[in-house]
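Two complexes follow with chain A in common, the first pairing it with chain B and the second with chain C.
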Partner chain A sequence: MRSEFAYASPSSLGEALEILKDFGERTCVIAGGTDLMIAIREGELRAELLVDISRIPELRLIREEGNQICIGPLVTHGELASSGLIKKGASVLGRAANSVGSPQIRNMGTIGGNIINASPAADTIPALVVLEAQVTLKKREGERSLPITDFYLGPYKTIIGAQELLTKITFAKLDDTWKSSFIKLARRKALAISRINIAVLAKMDEMRAKEVRVSIGSSTPTPCRMEKAEAVLRGAVPSAAVIEEASRIVAEEMVARSGVRPSTEYKRPAVQGLVKKALQEAFNIGL
Partner chain B sequence: MKTNYVGKSVPRVDALEKVTGQAIYCVDVELPGMLYGAVLRSPLAHARIIEIDKSAATRVPGVKAVVTGNDFPYTFGHMVKDQPFLAMDKVRYVNEPLAAVAADTEAAAQEAVEKIQVKYEELPAVFDPRKAAATGAPIIHENLERYDHSSMYKIVPGTNVCTHMTYSRGDVDKGLSEADEIFQNEFYIHPVAHTPMETHAAVVQHDPSGRVFTVWSSTDAPYQRAKDLANALGLSFNQVHFLSTYSGGGFGGKGAIVAEGIGVALARFTKGRPVKVVFSRQEELTASQVRLEAFLKLKTGVKKDGTLTARVAEITWDNGAYSSKGPEVARRGAMTIFGPYRTPHIRFVSQLVYTNKQPSGAYRGFGTNQVTWACEAQMDIIANKLGINPVEIRLKNFYQDGDRYINGQVMQAAGLRETLEKASQEIGWGEQYSRSTGALVRGKGIATTIKGTATPTDSYCFIKVNFDGSITVLTSSVEIGAGQKTVLAQIAADSIGVPLDSILIPNPDTHVTPFDFGVTSSRTTYHMGNAIRMAGQKVRKEILEIAADVLGANPQRLLLCEGKIMDKDSEHEVSLKEIMTKKYGGKGGTILGDGHYTPARSSIINAEHKIQWMGSIFWMWATHAAEVEVDTETGVVKVLRIAAAHDVGRAINPMACEQQIEGSVIMGISNTLFEEFKMDRGRIMNDTFADYKVASMLDLPVIVPIIVESHHSEGPFGAKGIGEPALSPTAPAIANAIFDALGIRFNELPITREKVLSALRERDPVQ
Partner chain C sequence: MKNIKISFVINGKKEEREIPPNISLLKLLRDHLGLTGTKNGCEAGECGACTVLLDGRPVYACLVLAPKVDGKEIITIEGIGEEGKLHAVQKAFLAHGAVQCGFCTPGMILAAKALLDERPNPSRKEIEDAISGNLCRCTGYLQIVKAIEASGKGGKGEV
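Entry: the complex of A and B
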């Protein structure tokens, strides 16, 4: 049976925070509802009060603040994918957002929902990890900001408190010495959850990769960077051999973090193959 | 004969109605006082029902009826009467219906269902048909031999074998001894869902005084369903009244009593109030019916030059818990496992076995997918081993006009060769091309198929020329979504000589429209087309006689074309409407013509030893050629291009034929590379479209449909059929292309990326 609950639709951030303050644990926030509606239909929603934040305009902006890009949690995947600012300063995120679900899901689903839902397969998370994004959580008494990699406790688990709202996602705008790639492997090409997704950022200095950031999704218990592989790539002149080596290390790191599971037999070689493609694409080198 | 519509890609006659949302599908049917049904389903695969307590359910406000198998103790079955409307004594698969509720609202019905308490005693279950056929397996139907069943299907008492059949022609031992090389291979093909857009649905109303059940349903064969229901309930045909709605897709899945059965059981207890039952996607995926899973063994003797000398086939089919059309699928499928190839000595053993799984039944191709998968993969294995071009080995063994089929029927094989030539040419067979870039490797494969139609089966129709010259065609052929109404209207328009838009084909109504076997077996264009052509010629003749009378002309000198009657001598033209108005004045009147087509007396199906039933009034030939690209790092198979050449006899509507071909190829790619049920002790774990993945548009290749027209001597305007055969060659064409790319053969479907990658790692172990 469908879950039953009361419903509130605050029109300002202040009002929303008041409600969360008053009802705390008994509430659940809803944004686009693309994750939550499924739980509601299955009767799995535990909350008594659904707080619909979708009518709070100030949470729906993409802004440039100095050299920072600042995204409101209600920005949809569709808006991210078509934003000129994102295309220029964080194309890896635009591509990740564009790979989510279908046009209908991208028009409803928000980046905030994607972050808070904390699915290991969430597509924007690896992109946000390589962008070194900060998330801002706010409650009536005040706010805190932390790196996205510190935000997760495990699959579907984050440190957000019952009275807190995610209000902002920020990261440094990238200039064009940064190259990037995002690759998603799913059971089919559209409307499918990632089995593996990979985000890569590489800052190039002439021929050399000055800094490389790699994150893979759907493959580790919490979002993280592939630091060993990044170390191999840092300062290197990208070549087939270096890429091969780095991909092998990513696959190893992935298994070290997630342990050997039934899916590992497929995932280990597939991650290696995909990381190779992602690095080749980021470094723009052929085969 | 010159035609105005036949042979042209006229748009669908029902397109406007559908795109504007006017068309009524079963889920759209709303009636005054209508109640909603919901179903309690078994959580267990095999269990004895100890007790069902429905008292709490009955007390839910708005509930009008709670029905169990005890309340409605009937069984049905098209071939074997083995299926209860609601489980009695035992449940035999997970999600089998146990009880049903009718209530004022869907929510109340659902709430009541959740309040029904059932006590079970779990029984050992069996899911693999090979294990179920072995001695000592748990018996699923203890009273199997006591069920009513057609004598065509041999039951093996005391076992789970629902149908056992053997057949041989020639002397296989002799044939095998003449071979230079003997090939033995095993193949597996998995069950898949039909995934129609519209799930199973029915609205049923019971009129207690007249004891008539009225059923609104999007089934593919209203007469068969009404007959089966009447038979199950001990009613006359007139007491089960089927009204066909438009159908949101069938693919064989709507070829059984599914939601109708629940609706009938409920309507019996709602005092005349109609009940609507609409399956959720979960119910559709887990408790309607699926394609028969099959294990196939082929032993084939071949000469060095590729000539087939003998073939022995052994097939074990999974029937699921109830038989639906399984027995006929197992029979007709087995008959075509030898492919479109002249084989002097053949033998097959085909057994259909019950398991504790969702029933399986008709699925586009009716057994042809399963057998073509084995036959065509093995043809490639043979060609490869003997170093013969896969195109050549097929050409060498193809049936030629005048060759005899396995029952001795003389084949009309024109068109077969042309499909192979055109498809392989289109894909660039034998041309040089760049086979690999980095991790991506390409390959090409072909596969051919033979598909007959159920023979003999009958179709009847009435054509009514109304007093104003408009025309109504009364037929029980449903519009399943493939363009039946359009094609039949084209045939009617050209047979009579009237404009297409003067023709109306209402949806079938078994109290009004005459018998038709059903929209199955790719038979409608040919069979109902012939019936309509006959009726059309009759009314045309009568129109001309009336016109001659009205005009005082010689009927022999009159022509009817596009609704105008022309005197060949004077070139004087009068409209049909004027003639009808003159003849019937202000009072009105109708010209009636009937048509009945049966192939029963055609010499085409003459066969040896009175085994006519194995033959077919027409044979559909097809060849698919596929090009694939395999990513050796991820195991992902991308189909780049499929050329699909089909001998349709004559394309009444080329666009409709192309749509059938494209749709089938899409289905074929989807069930070869994407679709797969994940099972856990009989429970389907991926029971929504989020998890049961069908190929998306972005996964599809360029599809090149190629129409070959061999002109059937007895088909309407030369037409045969196209609905089914375009699916079966797709899977083996893809598998053969993967072999060409990697040198790795996959004999088990589906070909998942996990299997591909694991096979590659086995071949090239990492250092």
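Entry: the complex of A and C
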């Protein structure tokens, strides 16, 4: 039995927030629907009122504000992957978005849905973590912004309230002293929800890595940075040996943070190999 | 559950329907409009048999909530040729043996059409990417890729 609900399609943000204010817990927001349609088909969606936010134009934009890039939650993975601004100022996010599902999924699936659905396998999340992105949540009474790493409570759990909408994702634009890579290990390239993905950013100062940021999806209970490994790389001249060492530390850190679960043993060598590849790609060595 | 009224353009024709708000575009097409050329393979976004064009872009009809098409334009396999005349991509599929059981074909052709509308002469890699969300259990893909390649060259299907 499919889920049953009433349907509202507000055309402005104000109207949407009004509806969420009045019906709160009884509502569910739908953006592209690629995650929700399966729940609806299975009869798992329990909301009385489905609020379709896809007709709110102000939530669809990718903008530059000073040195910040500001992304509306309705921007699709396809739009992110083909945006010149993202390619130039945050290519790691463009590549993450381009790895999502298939062209059809990328045409409907949104960055907002990816963030809020909070799947441990979500591809844009590690990219947003290394970009140190802030998310903005808004309800009728006001808004709050917080780092994306403070947004998650666990797999499929976030701190968003029933009356809130995710309205904005922002981060500083990167200049070309930053190198990056995004790699994912999946069963099949298209369609497979990623099992492990990794995003790397490195700010170079001549030969040295001045700052390095690493985040791995599907490996830790909540999205986070791999700080010990980052410390090993910071200030180093990237070499095969340093990369080897950092990869080993990332795998250890992953095990420590996730607690030893049945999948951990399978994941450890996979993580180590993938980190190595991602770092080699970011630093452009040993390929 | 209260029905809602939506209007949309399907294969160039304006339509209006009253529908339950919880159905998919796939169900709207097959059960309410009788357009059964769009296939139901998995209803989970995994096979691509239900691929249609929504405002020119390929999407999985099984993952689109039907009310979302209000005010939009949809193209299905029924809408891409003219009366009695196949579209160039359809001709190329036949000429290259890219159709066996045919179940994946409507979705493949629409994914290919979306690519060719944007890039009339796509590279092999672009073709492979464009159909990466469409499964075919019969052909092994090579004939399909070749057919799309041929429809690209000069846009005439080279038959």
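Keep this in mind: the second predicted complex is superposed on the first by the 286 of 287 C-alpha atoms of A that agree within 3 Å, B and C clash if a C-alpha of one lies under 4 Å from a C-alpha of the other, contacts with A are read in each partner's own complex, and residues count from 1 in each chain.
Going forward, contacts are C-beta pairs under 8 Å (C-beta built on N, C-alpha and C of every residue); 3 or more make two chains touch, one makes a residue touch a chain.
These figures come from a predicted structure and were not determined experimentally.
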Check your understanding: Which partner does A:266 reach: the first (chain B), the second (chain C), both, or neither?
Key -> first
Review point. Thinking of the overlay built on chain A, is A:41 touched by chain B (first), by chain C (second), by both, or by neither?
Key: second
**Study point:** chain B or chain C, by number of chain A residues touched
**Key:** C
Practice item. May I ask you to decide whether A:276 touches chain B, chain C, both, or neither, giving the answer as first, second, both or neither? Key: first
Check your understanding: Should A:235 be classified as contacting the first partner (chain B), the second (chain C), both, or neither?
Key -> neither
Check your understanding: Regarding the shared-chain residue A:108, is it in contact with chain B (first), chain C (second), both, or neither?
Key -> second
Exercise for review: Once the structures are superposed on A, label A:9 by its partner contacts, choosing first (chain B), second (chain C), both or neither.
Suggested key: second
Exercise for review: In the overlay, answer first, second, both or neither for which of chain B and chain C A:161 touches.
Suggested key: neither
Practice item. Using the superposition described at the top, list the residues of chain A that contact chain B and also contact chain C. Key: 2, 189-191
Point to revise | chain A contact footprint on chain B (complex, rising order) | key: 107, 110-111, 114, 437-439, 631-636, 674, 690, 693-699, 753-754, 757-758, 761, 766
Review point. Okay, in this complex, where on chain C does chain A touch?
Key: 1-2, 4, 20-24, 43-46, 48, 51, 54, 57-60, 62-65, 67-68, 70, 111, 114, 129-130, 132-134
**Study point:** Touching residues (chain side chain A, partner chain C) in the complex
**Key:** 2-7, 9, 30, 33-34, 36-38, 40-41, 50, 52, 54, 78, 101-105, 107-108, 189-191
Exercise for review: Sort out for me which residues of chain A touch chain B in the complex.
Suggested key: 1-2, 185, 187-193, 265-266, 269-270, 272-274, 276-277, 287
